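The structure appears below as structure tokens.
Chain lettering (A, B, C and D) follows the sequence in which the chains are written, and residue indices restart at 1 in each chain.
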Amino acid sequence: MGARETIQVTGHLMDSGILSRVLDDIRDYGGDFVIEEFDVGHDARDASSARITITAPDDESLQRLLMRLQTRGVNQLPHGDAAVARSDRDGVLPDGFYATTNLETQVRLAGQWHDVVNPEMDCGLVVEESATGDVRVRTVPMSDVACGMRIVVGAAGIQVTVPEPGLSTETVAAFAGDHGAERPQTVLVRQVADGMRHARAGGKRLLWVAGPGVVHAGGVPAMVTLVRAGWVDVLFAGNAMAALDIETALYGASPEGSSQPAHEHGHEHRVRAVNTIRRAGSIERAVHDGVLTRGVMHALVTSGKRFVLVGSVRDDGPLPEAHTDVIEGQRTMRGEIQDVGYCLMMATQLHAVATGSLLPASVPLVCVDINPAMVTRLADRGTGQGRGIVTDVGLFLEQLALELVADYRRD
Amino acid sequence: MGARETIQVTGHLMDSGILSRVLDDIRDYGGDFVIEEFDVGHDARDASSARITITAPDDESLQRLLMRLQTRGVNQLPHGDAAVARSDRDGVLPDGFYATTNLETQVRLAGQWHDVVNPEMDCGLVVEESATGDVRVRTVPMSDVACGMRIVVGAAGIQVTVPEPGLSTETVAAFAGDHGAERPQTVLVRQVADGMRHARAGGKRLLWVAGPGVVHAGGVPAMVTLVRAGWVDVLFAGNAMAALDIETALYGASPEGSSQPAHEHGHEHRVRAVNTIRRAGSIERAVHDGVLTRGVMHALVTSGKRFVLVGSVRDDGPLPEAHTDVIEGQRTMRGEIQDVGYCLMMATQLHAVATGSLLPASVPLVCVDINPAMVTRLADRGTGQGRGIVTDVGLFLEQLALELVADYRRD
Amino acid sequence: MGARETIQVTGHLMDSGILSRVLDDIRDYGGDFVIEEFDVGHDARDASSARITITAPDDESLQRLLMRLQTRGVNQLPHGDAAVARSDRDGVLPDGFYATTNLETQVRLAGQWHDVVNPEMDCGLVVEESATGDVRVRTVPMSDVACGMRIVVGAAGIQVTVPEPGLSTETVAAFAGDHGAERPQTVLVRQVADGMRHARAGGKRLLWVAGPGVVHAGGVPAMVTLVRAGWVDVLFAGNAMAALDIETALYGASPEGSSQPAHEHGHEHRVRAVNTIRRAGSIERAVHDGVLTRGVMHALVTSGKRFVLVGSVRDDGPLPEAHTDVIEGQRTMRGEIQDVGYCLMMATQLHAVATGSLLPASVPLVCVDINPAMVTRLADRGTGQGRGIVTDVGLFLEQLALELVADYRRD
Amino acid sequence: MGARETIQVTGHLMDSGILSRVLDDIRDYGGDFVIEEFDVGHDARDASSARITITAPDDESLQRLLMRLQTRGVNQLPHGDAAVARSDRDGVLPDGFYATTNLETQVRLAGQWHDVVNPEMDCGLVVEESATGDVRVRTVPMSDVACGMRIVVGAAGIQVTVPEPGLSTETVAAFAGDHGAERPQTVLVRQVADGMRHARAGGKRLLWVAGPGVVHAGGVPAMVTLVRAGWVDVLFAGNAMAALDIETALYGASPEGSSQPAHEHGHEHRVRAVNTIRRAGSIERAVHDGVLTRGVMHALVTSGKRFVLVGSVRDDGPLPEAHTDVIEGQRTMRGEIQDVGYCLMMATQLHAVATGSLLPASVPLVCVDINPAMVTRLADRGTGQGRGIVTDVGLFLEQLALELVADYRRD
């Protein structure tokens, strides 16, 4: 084992399970370790701290292992400066680039620590200097790399902070342990409502990510109410969700007790609905022209709220506002996550995963779906900053509207 | 093909899909058919009717096929009398016995049609004569067969009636097609509430079948409210559901936001709870003695409602009221289904399937679970008389209590 | 009811369930019907035929209903010519456009029937005339509509053919009924192998659609073997599947018994793998340069097989070959489905649904996934031309390789 | 906090996650803690050890917490003798009884440590003295408690041993983390085969627990082969599995490509099959009389292997060998688990949970099902001694037979 490095890990190491994941990582990357020092807090409220020397077969493995460990909030000791290399080609990061997490990150350059402006997963870090010599470090997605950019390489000189326990410890546990329908659901609804109130009270924006299941499950009336009452600032969705909402607005749902659910009316209704909006020029125009008179998209337009639609390979049309270029769509989403203080994901997988990567870990994130696999999938992505609730999206929205909107009554 | 018989099938043949299932059956049993006459109604409201001659390789196959077809409501023409054979051994039906459905059934004996008193699935039919010569035909489960009983054999002289469309057509469709979370859930809750109101208004009893998921999902407060308000006349459950309800009543659920759901407290709490009730002598006694002071079982006892608990191989204890002999348990359940006019199954599979077999097809039956597989499983059993709702049991009960109990408020 | 029209439906009406779905459609679109004539075949092998007069509230509803019914293979009688309107705007179909199915379709113009060249779902039909006056009718997706195109409107003069029973009847039934793991799985593997042999023997190409689950489930060795033996002509996939395959090829999977599955190595490995390929310029280049030396993508390149990768909103990178514009991606997929004679979809949802829309209904299509919901989702799309198999993708591929490649041995 | 106690926990505390679960337990039971000493091993192979003082509101809570912690392998320090109380009533344990785990357990009485003879979950511990004064401690299920028995109460003087890492660490991880279909399935099959070979080589018996899904998934030929080749010593199942196996043996499965799976033939076939066996007197008799000539039950009888069938509330019949009394059934199962060295659970939930409670934690246990929820359910029960594999049972058995039986050929 030629390469070695000493790391420091601090926090509620044992009850958060972080330490055990760190040791797993070391083994999985073919490394080994010696625990130099272990300071365990004396009582339940103390943080503990460990200093661990890691060895790996070669320096490249070691660097990759160190970068991996930073996704757990584990930092290298002693810190020197970060290394930087120039990218030699558009859209390609230099070899050995530091792959980001969405945790709060600091980079040390010339002895100074710089906060990464916009933490996001799976990006590079670009170092920029203004005319006045101010240094700024920000994430850059691979596709936005330009030749000549100065990119951080290796794991040295980088410090990552895992969110404090409190909200997030509980969150982690919820995510890890109870995506069986095992917790009183009404309590969960109330906790979500509280989280949203808290974010709004702090002047933060509320981001929703929704899939077509919201419409299928009958969640439109509740969601429209929530939009109008100011509980949705921006919606991320695919073409399918918006198209189904508009189809239902234009052609209606099946009558009660019908043997066929609304969306089965056929696809035919869907493509007609999309064509109608394309004829109008845009969803916004269709609302202003009186073509589209109800539904979630209508409520967003009339309430002056924002939405980002990004297409996918199975789309018909798509709707004029839908980005057909997915990388362009990601850029637009990135532009909308500033000041987001709470994120609610409803019945969506693709856009939930995409949003989970873009959002800083510090933003509380709740993911609601009737399918436990969806929640597991989301958990797979990150460092467990989300909370999953396996429940019926329609009834969840109904309860959430009852919580948040005083005079909400089901008609 | 040596054996042949002519059958008659009447009803909304095409839109109910019955005819296509009949033809499938014929093929699957190795038979063949000729359609002699087909009278299709002229407009959407007319019933249609077909006369079909069936051939089969031999008489035994033909008889089995004919019995199979009766599960579809297809009867033989012309009707002679039913054949009867004596059972020659306790607990064993004669060869060629007629295996029942839970549809309304009539048996022709000596030129007279007799209603089967208690339609139930997978039984034999026993013919009994009173001292005054009155003939009665009733279902008999295999285990209750006594040597010497007169049992109907073959399919001749038996007439089965499939429930009229209306409620049931819609029901069948719902069951076959949309156990995806595809229908506005609040509408479904209202339909269930209406069905329960209708049954109660008609003087019928309301049967619930519940699994531990009702407790896990936080449904206890809503269910207790419904019991007290008279919306539960009898509960069928396993030892597990009652034990979890009692455990939660005795030891409490986890505090909000705890990282561990209540039932994880350990099994240890479960066995203590069961032991406590065993010490008291019975659930009823534990309530009267003030040992058990809340929860669903408590509400049933204090409201004078009935319950039947039947054990299973994985039970601890079990609770004193739980039947450890499953056949004995079935008998007790059978005794409780008289006058049931609506059946609601919540988060249960084993007891739901058991109850579905015992209940006549004419009793509306709704099955609520977050797991689509459970619904499919139940559908597998019968002639599609149930309706499945894939949703969150906790939120469903919450909404149902809001519908049915005027002053129900979530605390 | 002001508008009326007479339709003709022929086929195995009762056992295929088509007639019951037709009557459901009529009700759902607010129409009514009278059955004018019903000719039921006399024995099990005869087709039956019905003439039905449909009424609807107004002509627009009637036209939409008639178009809907054509998705069931129901045609209008008597046939006049199809009506045609010019599109007045790029990317927008004229009002009342005929929305296509992926069934074989004919259009009558000037008394002549013309086959639609490339049946595809949810498109318009454009009528083109060559310099020599030859008329051609082909599908056009909404986004490819150009101002001035002559587009078919309404349902008159259009004839749609539902595939004959035989393969497809069985297929429909399989799809509707048994996506519970209820059929001997080895038999299903053999049927798939037979279908692929049959297609290849007929000179047809074999299309695969695969998701990352193929790699997760350990299916790479079997799939590589099948690619090399000529059982994969073209692969449709997303960036995620190709990136995971390449990541595993470059960084290896976890050792046996490791506590962490390969893909958990972190996203970090994924982005490095993608960056490596971007540096090489393309997957193909990476193979030729010796950077990528194994895996499914490597096998496709070295065997001279084709692949189409289409990106999605959650992608990192993406890989150079991945289309970032989804509409452009659809166009490329469309170009690859010529002469496809069998389609196998493995562990994929998004690309499966997309491909299902593009493929003519006449191409046998099998969809394999461990998640029953995926199969249901696909079934939702079309007229039931696919077969779903709920099983483990890894073991399925293992068995398929054993069936198709004589000397395949698990190492 | 009036009550306090010092505990000792030793092992791979951090990477096994045990310590974090211990701290969670303390909080959930309303207790608090101070870590007195923490000795962390220096390198990856060292065990660590902690001495923790726990406080709880009162002694009863403390005792319960201590008992709970023993399910994690955490023992009290210093050890005095265990306390013992006499049961005062049949079928009821004394208050404060020690509720067992299925881990290796020792009890200290009069300064001597005694091994618990048959570790089993959720029982009491009875202390028995022979005529010669030999002391024996064994588990006693609640229903077998007799008045006057000497039962251990409280947590003092009890020592529990968590299985060493190695097999079990890997097992725990597999169970906790990857019941997504994320691991190369063929590797898992091989690991199971190795486990079975190892157990048999050590002279241990192989226990199978199977549900009807084994038959539905086409696993009968593979399982029959495995029975004959000596890879099944005893089978635990319900009436349903055995009845379906016998039904298929007597009436055959559907022909290939049939639109209806075998078991749909109707329930009618099931009840006839059961009646046939009841007429024969028993399954064994039916085999000897030539009535039953194939299938899993036939193979067990002709190979002289054992089986235990325990009924449930939804059973028809049941089969003569099926225990209708579930407590009696548990007793019979208990009698069969001696010398079991490997347990394979296939497509079963109820019997899997039951067996998981009865089996000592030291027996390797693998649970195979296509439904991830089943695996989660099983994990819920114990201290994570099982391994779950989410896969297709039919293909899994096919591969297992290929691994274990040299000349196994399909068809």
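Here is the rule we go by: contacts are C-beta pairs under 8 Å (C-beta built on N, C-alpha and C of every residue); 3 or more make two chains touch, one makes a residue touch a chain.
Keep in mind it's a predicted model, so treat the numbers as computed, not measured.
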Ask   = If you tally contacting C-beta pairs, which pair wins, C-D or A-C?
value = A-C
Request  = Return the chain whose centre of C-alpha atoms lies at maximal distance from the corresponding centre of chain A.
outcome  = B
Request  = Quick one: report the Å distance separating chain C from chain D, using the average Cα coordinate of each chain.
outcome  = 45
Task = Using mean C-alpha positions as chain centres, tell me how far chain A is from chain D in Å, no decimals.
result = 40
Key: Inter-centroid spacing, chain C versus chain A (mean Cα positions, whole Å)   = 31
Note = Residue ranges of chain C touching at least 2 other chains are 24, 27, 173, 180, 259-260, 263, 373, 380
Query = Hey, which residues of chain B end up touching chain D in the complex?
reply = 24-25, 27-29, 64, 67-68, 71, 89, 91-93, 95, 97, 99, 121-122, 141-143, 238, 254, 258-260, 263-268, 270-272, 274-275, 278-279, 310-318, 324-330, 333, 350-351, 353-354, 357, 371, 373, 380-381
Ask   = In their complex, what parts of chain B are in touch with chain C?
value = 13-17, 19-20, 23-24, 26-27, 32-35, 38, 40-44, 50, 173, 180, 372-373, 376, 380
Inquiry  = Help me check something: in the complex, which residues belonging to chain C touch chain D?
reply    = 169-170, 173-174, 177-178, 180-187, 191, 213, 216-218, 253, 256-257, 259-261, 263, 370, 390-396, 398-399, 410
